[in-house]
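Next come two complexes built around chain A: one with chain B, the other with chain C.
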Partner chain A sequence: MVEAFFIYFALMVVFCSVMVVSRKNPVHSVLWMLVMFFHVAGLYLMLNAEFLAATQIIVYAGAILVLFLFVIMLLNLKEEIATEHSVGGWPGGLALAVSFLLFALLAFTGFTVKASGKWSIQEVSRLTHTKALGKVLYTEYLFPFEVASVILLVAIVGAVVLAKKKLKS
Partner chain B sequence: MSILEAIFQPGWVDTALKVGIIVVKILVLIAVVMFHVAYATYFERKVIGRMQVRMGPMEVGPHGLLQPIADMLKLFFKEDIIPEKADKPIFYIAPIISLASAMSALAVIPFYKDFMVANINIGLLFVLAMSSLASYGIVLSGWASNSKYAFLGGLRSSAQVISYEIALGLSLVGVMMMSGSLNLNEIVKAQAAYPTGFYAIPQILGFFVFVVAAIAETNRAPFDLPEAESELVAGYFVEYSGMRFALFYAAEYIGMILMGCIASACYLGGWTVPWYLIKILPFLKYVPGIVWFVGKVYFIVFCYYWIRATLPRYRYDQLMSIGWKLLIPLALLNILITGILKVIF
Partner chain C sequence: MVPLNWYMWLGAVVFSVGMFGFLTRRNVIIMFLSIELMLNGVNISLVALSHYMQDLRGQVLTLFIIAVAAAEAAIGLAIVIAMFRNRQTVHVDEIKEMKG
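Right, the complex of A and B next:
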């Protein structure tokens, strides 16, 4: 049963990704990407990562993709719709993708399953995923977490500075 | 294990029964909610009528009680007009996205003790995720209609919904911190165990931010700029007619009811009554929990109408500065205060 769901989600992710890059209309691409994000969230759910699944929808589908849509609409790409596919040079891309797949397959054969650590599936579901993630993030990985937040802050400040510059001129 | 084995293994009767119960729950919920949507329109017209010293609908049935049914029949039989230059697939999908995102969020609302379609640990996050999808229906309908009014309405709305979503999410963080859970069922139980019996009193700042953000999130007056009649005719759904228009309408009212449900479950104690009220009036404990829950939701929905009848529409720049310069800092302050209080006590 679990395998059937996994196969469905995995195939849909691949299918939607192909649809995203092959649509002529960028708005349709964004919609296929929305469907893809939902299936990625489904994969997270299968890994008992319910918090990640919810944030996947809130952050990617709810915020970032809406911004994509916003930009596409503001630029009004009605003319671009008539043009050919936005992906040129797909043979090169395909070759790159196949070589990456081979590389990944070779790498994955080297993986071995070790004894599970402190955070087993039972432990995570007992604590609930949100709590477990919070505990690990704010104790063990506090420093990388803070570094990431500072980097994001820099990006926000940079965006504000750029926007203000335009207003003055 | 193949799918067939999974279905025909010994426990499959149990699984089928569980799925069957969930399906029945969903059907009951949809029927009840659609009935509420129909009569929420009637209630709104009556309340606003009375506030403007009018009678409201009076013609169809006694006191106009059959008005929603007449409206529904009319919308069913109206011609479905689709603009020639519209992007047809997206034009069809947009109202469905609006309605589906509003309805699926209802799955995690605890209507009374342990009665919810899906008792999941991330209930509150699920609601936020679904309400963040509502903007797709609006922005896509605005774009697909290929009309300037609809497009402007869609753009306004997407900017508004994204801005107020942040305040909405941050205002609920205080509740999450106090209850220590994202499960709405657990949040209500934590409130019943709390001295005041509900979180609206210690979380008064969060409650204020939530209510204002909820009004903006559902595009209701005084923040109904996406559909400002005097500027944009009807905003994003100006090109929709018949059933598709009705879907948008239903989505807006379900959104209102949903916000009422969240306010009821997160701030007003859900299906519970504060213990001191039961101490004063002991007969109150015989009132079923669903009555309390629904009563609180009706109160919030009434406040929506009250605000609509009282306040004029905001200007767009005012709307944005309220969202970013007032509500978000207030919500952050609320989180800070809640955190400090939690450390002290």
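Right, the complex of A and C next:
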């Protein structure tokens, strides 16, 4: 039963990813990306990561994709749909991607790990996932967390500086 | 129980599709979407590994990746807007001012 759910989510994720890179109209790509993010969130739920599933939907689907849609609507799409959608050297890119895929598929055959950490499923569900993640994030990873907030600040300032029009002096 | 390497395979497939899109599409916005695809492929692997190792560090890393992806999307799309304002195009093969 769990395998059937995994196969459904995996097939949908792969199908939507292929649709994202193959559609001519960027708006269609973004909408396929939205479906793909929801299915990735479903996979996170299967892996007992409820907080990450919620974050995936709120941050990726809710914020990043809306930003993409806004920018697409600011640009001119008519010319894009009429022209060739890939660069001249696309067979090289395809060969590189396929060879990486074959390498990774072979490398992960029979790949297993030992359950060695202290956060077993029972322990996480006793604390609830959000609390468990918060415990690790705010103790062991406090400094990287602060650095992440600085990165977001840089992104805010940088986006404003890059996107605003030059002032006439 | 789904074996761990199914998740790793799925992550690898999503990463490869993103890599293909990044290398072949002309539109900068689709290239950014492909980067998000690659990050998602890595995220799937990280969350699966963290679940199977019973360790939350992979999931913390995934949170950081989501934060950095948001920052990257904001900066990247601002660059796209600036580029479109100056050149009236979002096609990467038409941007070649820095090519000697």
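Convention: the second predicted complex is superposed on the first by the 144 of 169 C-alpha atoms of A that agree within 3 Å, B and C clash if a C-alpha of one lies under 4 Å from a C-alpha of the other, contacts with A are read in each partner's own complex, and residues count from 1 in each chain.
In the analysis below, contacts are C-beta pairs under 8 Å (C-beta built on N, C-alpha and C of every residue); 3 or more make two chains touch, one makes a residue touch a chain.
Because the structure is predicted, anything quoted here is derived from the model rather than measured.
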| item | value |
| --- | --- |
| Residue contacts on chain A - larger count, chain B or chain C | C |
| Partner chain(s) touched by A:Ala63 [first = chain B, second = chain C, both, neither] | both |
| Touched partner set for A:Val113, first chain B, second chain C, both or neither | second |
| First (chain B), second (chain C), both or neither touched by A:Glu3 | both |
| Chain B versus chain C as contact partner of A:Leu31, first or second or both or neither | first |
| Chain B versus chain C as contact partner of A:Ala49, first or second or both or neither | second |
| First, second, both or neither for A:Tyr141, with chain B first and chain C second | second |
| Chain B and chain C contact sites that coincide on chain A, given as residue numbers | 3, 51, 55, 63, 67, 74 |
| Complex contacts: residues of chain A adjacent to chain C | 2-3, 6, 10, 13-14, 17-18, 20-21, 26, 29-30, 33, 36-37, 40, 43-44, 46-49, 51-52, 55-56, 59-60, 63-64, 67-68, 71-72, 74-76, 80, 83-90, 92-94, 96-98, 100-101, 104-105, 108-121, 124, 132-133, 136-137, 140-141, 144, 148, 151-152, 154-156, 158-163, 165 |
| Partner chain A, residues of chain C touching it in the complex | 1-10, 12-27, 29-30, 32-34, 36-37, 40, 43-44, 47-57, 59-60, 62-64, 66-75, 77-82, 84-85, 88, 90-93 |
| Footprint of chain A on chain B - complex, ascending | 1-3, 6, 87, 89-90, 93, 120-122, 125-126, 128-129, 132-133, 135-136, 139-140, 143, 151, 154-155, 158-159, 162, 165, 169, 181-182 |
| Residues on chain A engaged by chain B in the complex (per definition of touch) | 1, 3-4, 25, 27-28, 31, 34, 50-51, 53-55, 57-58, 61-63, 66-67, 69-70, 73-74, 128-130 |
